[in-house]
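This report refers to the structure that appears directly beneath it.
Should a chain be cited, it is by its letter among A, B, C and D, assigned in written order, with residues numbered from 1 in that chain.
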Amino acid sequence: MNKLEVGILGATGMVGQRFVSLLDGHPWFHLAWLAASDRSAGKPYREACSWRLRDAMPEGARHLPVHECKPGGAPLLLFSSLDSKVAGEVERDFAAAGHVVISNSSNFRMEPDVPLLIPEVNPGHLSLVRAQRQRRGWKGMIVTNPNCTTVGLAMSLAPLDRAFGLEKVLMTSMQAVSGAGYPGVPTLDILGNVIPYIAKEEEKVEAETQKLLGKLTDGHVEPGAFAVSAHCNRVPVEDGHTESISVTLRSKPSLDDLVAAWRSFRSVPQERELPFAPRHPIVFRPEHDRPQPKFDVNTEHGMATVVGRLRPCNVLQFKYTALSHNTIRGAAGAALLNAELMRSEGYLD
Amino acid sequence: MNKLEVGILGATGMVGQRFVSLLDGHPWFHLAWLAASDRSAGKPYREACSWRLRDAMPEGARHLPVHECKPGGAPLLLFSSLDSKVAGEVERDFAAAGHVVISNSSNFRMEPDVPLLIPEVNPGHLSLVRAQRQRRGWKGMIVTNPNCTTVGLAMSLAPLDRAFGLEKVLMTSMQAVSGAGYPGVPTLDILGNVIPYIAKEEEKVEAETQKLLGKLTDGHVEPGAFAVSAHCNRVPVEDGHTESISVTLRSKPSLDDLVAAWRSFRSVPQERELPFAPRHPIVFRPEHDRPQPKFDVNTEHGMATVVGRLRPCNVLQFKYTALSHNTIRGAAGAALLNAELMRSEGYLD
Amino acid sequence: MNKLEVGILGATGMVGQRFVSLLDGHPWFHLAWLAASDRSAGKPYREACSWRLRDAMPEGARHLPVHECKPGGAPLLLFSSLDSKVAGEVERDFAAAGHVVISNSSNFRMEPDVPLLIPEVNPGHLSLVRAQRQRRGWKGMIVTNPNCTTVGLAMSLAPLDRAFGLEKVLMTSMQAVSGAGYPGVPTLDILGNVIPYIAKEEEKVEAETQKLLGKLTDGHVEPGAFAVSAHCNRVPVEDGHTESISVTLRSKPSLDDLVAAWRSFRSVPQERELPFAPRHPIVFRPEHDRPQPKFDVNTEHGMATVVGRLRPCNVLQFKYTALSHNTIRGAAGAALLNAELMRSEGYLD
Amino acid sequence: MNKLEVGILGATGMVGQRFVSLLDGHPWFHLAWLAASDRSAGKPYREACSWRLRDAMPEGARHLPVHECKPGGAPLLLFSSLDSKVAGEVERDFAAAGHVVISNSSNFRMEPDVPLLIPEVNPGHLSLVRAQRQRRGWKGMIVTNPNCTTVGLAMSLAPLDRAFGLEKVLMTSMQAVSGAGYPGVPTLDILGNVIPYIAKEEEKVEAETQKLLGKLTDGHVEPGAFAVSAHCNRVPVEDGHTESISVTLRSKPSLDDLVAAWRSFRSVPQERELPFAPRHPIVFRPEHDRPQPKFDVNTEHGMATVVGRLRPCNVLQFKYTALSHNTIRGAAGAALLNAELMRSEGYLD
């Protein structure tokens, strides 16, 4: 397969940097084009970007020029990690101009004709793009991945919903600071502290989870018929959102049934062996004190959701802990896997 | 009122140090006697204790000798913060020998004839000590305060239960490291990390909350008729347990009704103006991002429970955040207020 | 003494907030006027300011309107904590318009006719303002305090220089994040990390220390005849700059002589009992592992410099550790003490 | 080359875990034997060890039984990371019984007939073992590596000493918590804090640096003829000791000369391409704010010393920052490289 040239919108931010890092050496995609805010435009990437990842900036990216976020000269496929303040307009312009925009921004996620996609959870929702192009008259399209907090929740729920039927979900998150981008959370706000609020986060988690686990019917997604409630907190962790989750299921499975559902969970990305697909999308850890961000956040290169501490709940039916890497599985890696799914389905030919 | 001489069992640990600190200048009690493990016995306190509080060790305590944990020579009233491995036997010996033991240890909390007491929540439960003394043939008695995580939860629930009837409670804690004592949590375990497990904590929170909000009937406590489920997590915070709480109440109050119930909450300690009683046992903060340990943990000298972020819950009825100082309101301050209540009722004459 | 009305330039920043907090209840000064950037101007302080201190915003400041940084309507005495990008012009305008500007900004510190002042160290340098007004034709004046890192160093050196003559100083700092203001240091930069660089900090420390310990001769300050070298590092501490210091002195005192010099150090602020003067400007701690920010930063309300770990140095003569509160003694408290010294000398009549 | 069977003394501690991790897949050595305290003896490693590294425990080690620290049955070559309280006696027993003990413990480092070795710095000192065996009548031998703080200092000094002659060194360290082992530093001691003291550390750094850079003459090491002074501090960092270093050299090189000396530095391990030898023992970073533990600690798999911020010093001649991984280059990796050097010289045949 020839490598497809790709670009990044918002290449200098935290998620943009993850895109640059994850695309380095990707077998299907070749990073050829970068765009960011006007302030950065015109500089080579190494100067425009305050690189914050532990791994060094890939050589191939250092010398790429940073463009303005305008369609001319950009490749067909674009990953977008633009701030939601500007993403709406920019992504629309690119889609209208014929580009496939794989967006990590929140702007279009809840639009009825825009796929909100986790390839393991709802690959079929991708077909919404037909209605999208028709209705909007776009030559291109927009496909989105969920919020970084939604991903771990929806991944851990998907096999339970499939096997036992989901009725109620109550989730409390303890979210890493990298989720807020860079400069993001000031040290003075979070060192030795917990902040029990993240703007618009709970609303996103609640709505997106229902869309992700909803059913595609007559060209639209019927939200999942279960209740979701989220408490979102920020904690002084660098990477990895930890979630304390209680659920009620429609049938009465045993604890072992849940573990089996998680451990056996495989889906389209695993079947097709997509490059970024984790072999085990959900890793269940039997230890009494796992998952933990320090030890588990990079499981399967940060693409797995790690669950553990499964036990009965006195109020709902079961409770457990889930962990997901917020800038890989919850952002750049999620978008990449979406692009891989799309290429495997012929959307990028 | 003459000052009553008091002692501390387990004086060198983190909670023991809080007792020493809080008793300094106390209007009703005079710290006259200290005991700790055999390793410390025989030394002056300043040498036996690796003092970890920010305020300096009170002058009056520096030169006190540390005794073994044996009844001879100890004053009538003893505060105990012994490790639960030894607290059972030691506290029993002291109570049998005629001492009033106000214990922060977990050993006796769930015994049917031992008061588990929050003076604002269930002051009437104190009368259980009559059955205790009779049944056990003790001249003294044991009175306990709840686990540091239970306190904030039970405080915030008490006015809701009183006014609207409690049906379901689901709580996720983010607990400070000082709750684990000293040396306690190794830095390598928690720096930049979350640990989703604290041994026996969830069981304690669930059982203690039902006992605290239970009804004293025929000389025993009938557990509260509501379901409680706890997820307990450790986070890199020094002091202050933050809790994300969802509740269902039996009646259908408004958000304003809940705020009013919290703000108007007063009980026996406030009526009697006990020295350690917070003027406002529950402080409601209207900001969208409070309470936070950094800013709110010392509210009312660490004796108030601070609540905020009240909003509807999609799964239960309401959700909110509560914060409580785990070594003051959740341990040493709790025991002190218990002692003040007891003195005001004549139990220490 | 009547309270003098005072104002703050840059009232919404971290140091501005410290000014507001420290002026609350001040016996000599009454906070009557606030100014900040144009973005804040026109709002009441409680809305313009993202308050970051643990103590609540003083009631008296909440309703004060925030003005633009222009002279009209401002009181005689102004504390300035403006960003150095704008401080130069603004402070000059106020001084020209007749105001006394007590500045924490770096812009004028090294001007030959501007006092760089620590009241305990070089109170006599205040007289430089005469030359300043004459030369510049100002009705007002500008007086500055040193950089937050310089203060602890210069305070700890002053009694050694006075008694034994200073020859060489080598200092490595471990600086708190509050020194960078708010939002200041991003969490992603410093959580679990050390940053061995703070822009322009080493140059400031080296030059300012020599000016502070220099001699006023013929209307100008002759820099101290000793060498100073600084390594400046950022560490994940909230408040309190810790400094590892090695010195060579001109005479050959004993370790005890140095301790005695520190412990007996008193100066004009102590003699005149200025309200913000620490009773002991330098507190020597004999423990083997002090000072530490956690325990010692608030010594004497954050106005003392705490020293410890004095021992011989194999390369220079002695080595020790010093600690100083960077936003109190190193910024707002420093400026306040400067103002108190000036009032006690009649400069504000 | 056949793989040589090796064992670990003190296999369950932090450095012991690093040995286990680094030996996994080693081309020359096969981990076949583990020993630890009596408390652990008799259990399989997976049960005896509270594994604290981010990478999972190697499969090959999980099932190995943990032995007592007694010679019978142990392989010829042993890595020791025993606590210094017991290392003296145990290592002596093993050496007397014919084992080659490569020790990370401090007990024998300063013995005149024991090599204190950094293969890049003083490979020739290895020949001291001849005198050792003769004098002590041992069939085996003991070879040591330096303290974790000494390594980065000595590595960065070695090429400067070789090229320009070292005269004076003043070093202030900011040390990671993993240097204190596990459980090691309590969170309550270091979260948001700096501790300006590490027991015996400064003495070790000063003496070891002089021995490492000393000259082997007549069968003993003449300490380097330069002065060294160390300030040692603990900071809330997980891995990586950062050091602010000032030096005076005997000749007058330029800044570029120093950079060239560092960059061109190669030694025996590089020439022989020992498996654990970093290709570049010293990596100079030209950025103004590097090295930093977060970004640079794992340079060359944690085996390089990273230096940066080179500039003139007003008191000594130059100053710079160095960073070294304290449990890899500063402990387990150091010992492994010593073993590789020894095998390449025929000491293990």
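Heads up, the rule we're going with is that a residue touches a chain if its C-beta (ideal position, glycine included) is under 8 Å from a C-beta of that chain, and two chains touch if they have at least 3 such contacts.
All of these numbers come straight from a predicted model, not from anything done at the bench.
Peer 1: So using the touch definition from the top, which pair is joined by more C-beta contacts, A-C or A-B?
Peer 2: A-B is joined by more C-beta pairs in contact.
Peer 1: Equivalent interface to B-D, which of A-D, A-C or B-C, with over half of contact pairs matching by residue number?
Peer 2: A-C
Peer 1: Taking CA centroids for every chain, report which one is farthest away from chain A.
Peer 2: C
Peer 1: Roughly how far is chain A from chain B, going centre to centre by Cα mean, in whole Å?
Peer 2: Centres of chain A and chain B (C-alpha means) sit 42 Å apart.
Peer 1: Between chain A and chain C, what is the gap in Å from one C-alpha centre to the other?
Peer 2: Inter-chain centre distance comes to 47 Å.
Peer 1: If a residue has to touch 2 or more other chains to count, which residues of chain B qualify?
Peer 2: 191-192, 236, 238, 294
Peer 1: Which chain D residues qualify as touching chain B in the complex?
Peer 2: Within the complex, chain D touches chain B at residues 14, 52, 177-178, 182-192, 236, 238.
Peer 1: Going by the contact rule set out above, which residues of chain B touch chain A in the complex?
Peer 2: The contact residues of chain B facing chain A are 168-170, 172, 174, 192-197, 206, 227-229, 231, 233, 235-238, 242, 244, 246, 288-294, 308-309, 313-316, 319, 321.
Peer 1: State the interface residues of chain C toward chain B in the complex, per the touch definition above.
Peer 2: 54, 191-192, 294-295, 298
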